[in-house]
Each structure stands twice: as structure tokens, then as C-alpha cells.
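By written order: A, B, C, D, E and F. Residues from 1 in each chain.
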Amino acid sequence: MEDDVKKFLYVNRKAPYGTIYALEALEVVLIGAAFDQDVSLAFLDDGVFQLTKSQDTKEIGVKNFSPTFRALGDYEVTKLYVEKESLDERGLTADDLQEIMWEDEDDDWAEKPSIRIVSRAEMADVFADQDVILSF
Amino acid sequence: MEDDVKKFLYVNRKAPYGTIYALEALEVVLIGAAFDQDVSLAFLDDGVFQLTKSQDTKEIGVKNFSPTFRALGDYEVTKLYVEKESLDERGLTADDLQEIMWEDEDDDWAEKPSIRIVSRAEMADVFADQDVILSF
Amino acid sequence: MATLHTVNKSPFANQSLLSCLAHAKDGDTVLMIEDAVYGAASGTGLADAMAARSGVNLAALGPDLAARGIATERLLAGIKAVDYAGFVELAASHDRAQAWL
Amino acid sequence: MATLHTVNKSPFANQSLLSCLAHAKDGDTVLMIEDAVYGAASGTGLADAMAARSGVNLAALGPDLAARGIATERLLAGIKAVDYAGFVELAASHDRAQAWL
Amino acid sequence: MKFGILISEGPYTHQASDTAYHFVKSALEAGHEVPRVFFYHDGVNVGTRLSVPPQDERNIQQQWSALAKDHGVDLVICIAAAQRRGMLDANEAERQGKDADNIAEGFRISGLGQLIEMGIETDRLMTFGD
Amino acid sequence: MKFGILISEGPYTHQASDTAYHFVKSALEAGHEVPRVFFYHDGVNVGTRLSVPPQDERNIQQQWSALAKDHGVDLVICIAAAQRRGMLDANEAERQGKDADNIAEGFRISGLGQLIEMGIETDRLMTFGD
């Protein structure tokens, strides 16, 4: 990794749709991907709800942006840290989340999962390892 | 009380200054006082912080509107229900609140306190006795 | 003389739903809308608090449940899903509405 | 390599302060600003949760304390009041800032 | 039954104005009356005609303006809340010495008394906020 | 030290833009640099020149415009967030076929790349939101 690359973390702690923060955070991630920094996303507290399967927003008349998470691999955004304790408190398991994959060009384009379930202590380590933290 | 008088309750559950809801709620109360309805105010949860003494907003550059509560008696707004459980959880007692008085013209203009400390169950009764509830 | 209470904030982030439940009277209805519908799911850390208020009718807005991927099978026992027309009916059939913002 | 955490929401309404405390590392500083300064007062139902994180430095923004009528004598033991210049110093002296919105 | 509606949050940022819109539409379809919607706090921002949401998203202001046109719903923006937040009609702009205005068709600016009046004259007041 | 500032909430409704203002002023007084403030989410509403706050309240937009003028702080409003919320400069108004614009002096509209760039080029990024 080059010296002028910074570690950017996007922290998602809010549920989707009730407020716009989750959607507008994703818009920053997509633009930010063009800048060749070392990018990670963190999902904790209500932020874990952003990644759930089977979201269908037709009746509330709001755009369903959850499929966009599955496109993050194409933008080389491949590190999505999800906190296990946050899932547990909300009655969710890893199976309730979308499958989000990326292709590793250094490993013969093998498909690998982008979501990494981590403990609260590991999430704290992820936070402490960053240069720039953007919170939404 | 006449038949065309409705019971209006203004519910305050938010702290002052961090957001504008408390200030703009008070602006509604002042305008609403001109309409000769049966008006009450409820302060519960973080809303009890609105009534505390010694607020000094000079350094945050925001207008201190807490003295306006003491003028409510002049607008014939004399029923300010404050929930005891909300005070307790926040380490507050009635002594931490401003003294807010009104003059009872039916009792030789005797000064009487506007703040009525009520239990959670009594607050629920106040809610259930209203025609129109405005929440801020 | 019953009240329709509406709550719109996630109970995992905000105390509004718990405060509403603590003030609702038997026979009232608490309708969870927007992010509050996360409180309607079973298997969460809040399920016990919800079940404890057995005298209160609990409902959740179906369009908000669907948006958030909460299947009807996942709802806590006793919680009724309503659509916007059902929301209007609840508002009309109760004597007052109180929003827990 | 310490982090300055800022929290701005009342801990009586919102979980952000508790989540922040659960993630802060020893040597980090948690600065309460805006409505979060209500969490800095002693004698509340939250005082124990605050005291439990003894490895973390706790601070509160003085101008926000004054606005809300919280006298310095009422602060929990170990919480330092800082002004806006002190806020800037904390931001400069830590390695990163994380806002718990 | 007559419903009065209070909207306390701005468009897109909070779902409140969307939920209120679906509620009002369903109420009208069920034969109820919605004589007035009052926009307060950041809710006043719903009435700007200058918004340009992405093409694949709903246009919240236009949804409300259409309800006003089709069903005669009175869309009232609170003047005091609007002044703080930079929402003006042509009259207000002139009175305040501002060189532009931004209120959309179907919305009008008036005082908080219209909110109290709505509470008095309707059967049920519904609040949508955050 | 160089500070980058992100403001995520609108004026008056949330204290975020006030706290950010006091932080930036104190940082400049302490000899630090604040090359840019980026306004996102409802934060874009800080930049309207049409607001008329009560005379006994602070004028948040004017406070920021003065900082831009006196200290060369670059005040950037996110274009995507601004479009949703009806914040436009003269160029954008013309491009979108709108008959008015509302951006105040000292603010400019640009893309989200300016936020990332600010994160890369400053030493410390501070976020003020809700």
C-alpha cells in the first residue's frame, strides 16, 4: 500500500428508509471508490438493518437501494464489517443478510464474500485502525 | 366550559437547544393561547429539561427561551404537567425547575404554581382526557 | 374513549416506543410505523417488553414492514399488520391520536 | 493512537452514548456535546454506566452544559469540562475523530 | 370524518412527509375529508419548487401540489418556521427585501393560528414528524 | 493542523451547524487551518440566502459567509443533496430549468468528490450531524 493512501471508514449506524442517511452514505461510498483509498464500511447498531434481504419498498413509494450493496464489489469496495452483537440484539443472523460478493483478481477471480461478521471488540479495533472516519 | 371549547395538549418530550422543537413548540403555545381553548402542557422524558433553572446560552450563541415559560400565566396557560418518573431518571427534583406562577382572578388574584408534578399513571390520564394532542 | 398512539423511531436506537408503551392505557392501540416497525419482529431483545403490555393492541404498518424486509411470519404474536387504509381506519375509530416523536 | 469520540444526543432518549462507550478503547476520549451533556450529570439513572468505563477519558462541552443549566458541581466525578478551544485541542491531540450521530 | 394533518419534518431526509402523503391519499379514497395540511418545523421545506430529485425517485412537492389541485387540500406553510429556513412566497420576498422566492404552486404561507384552527375544526389531528 | 469539517444537519433545527461554527472559529483563532467545510444531507440548507431569522437570533448563513470572506474557508454544498432539497445556484437553476436560485455568497455547489478530497488532504476530519 502506498504512503499517500489513507484508510477511510464509512460508519453506518442507522436504519434505512425512515431517514435518508443510509442512502446518502452509500452515494458517498460510490463516489469515494474512485479515489483509490483503502476503504472499509462498518455496520453496527441499527446500521445492520441496511443489509437485510427481501426489502420491498414499492408500497412506501421510496427507492429500494439495497441491491446497490451487491454492486460494491465492482467498485473494489470489498470490506463490509458487520457487528455480531448488533445482529443478535435485533434477532438477526448472517443468513438474514444479503449475499455480497467480490472477485479477487489476485486469486484467479475467485468469488469471495464481502461481509465480515465481527465481534464488538473487533469492531472497536477496526475503528481504531482508521485515518478518516465518516459517520452517517 | 362551553361546548365548542376543545382540550388541547402540547406534549414536550425533547430537550432544548440540541434541536429546535422545544422552542417552536412554545411558539405554538403562545399563538394558541389566543384561541380560548382549554390548554395544557405535558413535560415528560427529555421534555422535563426544558423547565430547568439557570440556563445560560450565551456561549452557544442560541437564544435562551426558558424565561418565556414564566410568562405563560399572562397568556392564561396555567397547567404544566411534569412527570415525576422522568425527573427521577434524570436526577432532577421539583427544586431544579423554574418557579412558574399564575394569578387566579377567581381567587382574588392569588399567585398559584403552574407546574403540577404528576406520576406516570397520572400523566397517562392527562393524555387520555384530551381532544387534540400536539406532539413536538 | 381510546387513543391511537403512533411511534416512528427504531426502538433499538430510541426510547420513544418504550415510553409510549409505558403510557398507553388498556384498550388503546399502538401503531408502529416507519423505523418503529423493527420493534414488531420476534426474537429481538425487545420482545419481552412488547409482550408485557398485553392490554394494549399492537399493530404495525405493512408497507413499512415490507420495505424493511420483515416478513409477516416474523411478527411477534398478537401484532396485526395494517396497510395505509387500515391506518386511516384506526385513526377514525379511536378518539384521538398521539404521535410519539 | 487514540480516538476522540464525539456524542451529541441525549443518552436518556438515544443509545448513541452507550454504544460509543461500548466501543471506545482505553486511552480514548469521549466528548459529550449538545444534548449529550445531560449524560455528564451525577445522580442520574446512567451514572453507573458512565463510571464503568474507567479507562476512557470523559469530557463535556462547557458551553453546552451552561446552556442546559448543568452546574460544574453536578458533573460526575472524573468528567472534565472543556470550552470550544479545548474541543479543538482534543481534536488536534488525538489521532482521529469519530462522531456518534 | 375530517382529518387535520401536521407535518414536522422535511422531504427526503425523513419519511414523515411520505407517510403523511399515503395517509392523506388513503383517507380521501375512503371518503374522509382532509381540509388542511399544516407544515411546521423543517416540514416547511416540503413546499419548495426548486427541488430536483433524481429521476428514479418520487417528487414529494409535486405529489402534494397534485393533492391540493385534485382534492382542494389547503397546504399551509408556517410563516415563522419558513422565515428561519428560507422559504418565501413572492409577497414575503418583497416584504423582506429578498431577490427570489421558492414556494411551489398549491402551497401558501400563513400563521400558526391556522394550525390551532385546524385542531379546532377537524375531528382528528394526525402528526407526522421525527 | 488542517481540519476538514462535514456538516450534516440544517440550520436552526439542529445545533450541529452552530457547534461546527464555534469549533471552526476556535480552530482558526488557535492558528489551525480550515481549508474547507462540506455541507451534506440537510446541511446544504445552511447555504440559503433567503432565510430571515428573528432579529434576536443569530443568522447562521451570514456567520458562515463571513468566515468564508475573512478566512478563505471554502464552503462547499453537495450538489446531489442540494438538488433533492431545492438548493440551487444560478448555473444549476438554468441547467434545471428553474426560475430562481437561493445560494448565499461564499457558498459554492460541487460534487461529493470534494468531501473525499477534503478527507485526503486534511489532517483531521470532524463531523457535525445528528
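Here is the rule we go by: a residue touches a chain if its C-beta (ideal position, glycine included) is under 8 Å from a C-beta of that chain, and two chains touch if they have at least 3 such contacts.
Quick caveat: nothing in here was measured; it's all calculated off a predicted structure.
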Shortest chain-hopping distance from subunit D out to subunit E: 2
Where subunit A and subunit C overlap in contact partners, by chain label: D, E
When subunit A is superposed on subunit B by its C-alpha atoms, the rotation angle in degrees, nearest 5: 180
Centroid-based (C-alpha) most distant chain relative to subunit F: C
Pair of chains joined by more contacts [C-beta pairs], B-E or A-D: B-E
Type of subunit E:subunit F copy interface by residue overlap (half), same or different: same
Label of the chain whose CA centroid is most distant from the centroid of subunit E: D
Chain centre separation (subunit C, subunit E; CA means) in Å: 26
Centre distance in Å when subunit B and subunit F are each reduced to the mean of their C-alpha atoms: 35
Multi-partner residues of subunit C (at least 2 other chains): 8-9, 12-13, 15-16, 34-35, 63, 83-84, 96-97, 99, 101
Where subunit A touches two or more other chains at once, by residue number: 13-14, 17-21, 45, 60, 62, 132-133, 135-136
Set of subunit F residues in contact with two or more other chains: 8, 12-13, 15, 19, 22, 41, 54, 57, 80, 125, 127, 129-130
Interchain contacts (touch definition) - all pairs: A-C, A-D, A-E, A-F, B-C, B-D, B-E, B-F, C-D, C-E, D-F, E-F
Of subunit F, residues touching subunit A in the complex: 6, 8, 40-41, 80-81, 111-113, 115-117, 119-120, 125, 127, 129
Residue numbers on subunit B that touch subunit E, as the complex places them: 4, 6, 8, 20-21, 24, 27-28, 31-32, 34-35, 37, 132-136
Complex contact set, residues of subunit A against subunit E: 17-20, 60-63
In the complex with subunit F, residue positions of subunit D that touch it: 6, 8-9, 33-35, 61, 63, 83-85, 87-89, 91-92, 96-97, 99, 101
Subunit D-touching residues of subunit F, taken from the complex the two chains share: 1, 3, 8, 15-16, 19, 22-23, 25-27, 29-30, 32, 124-130
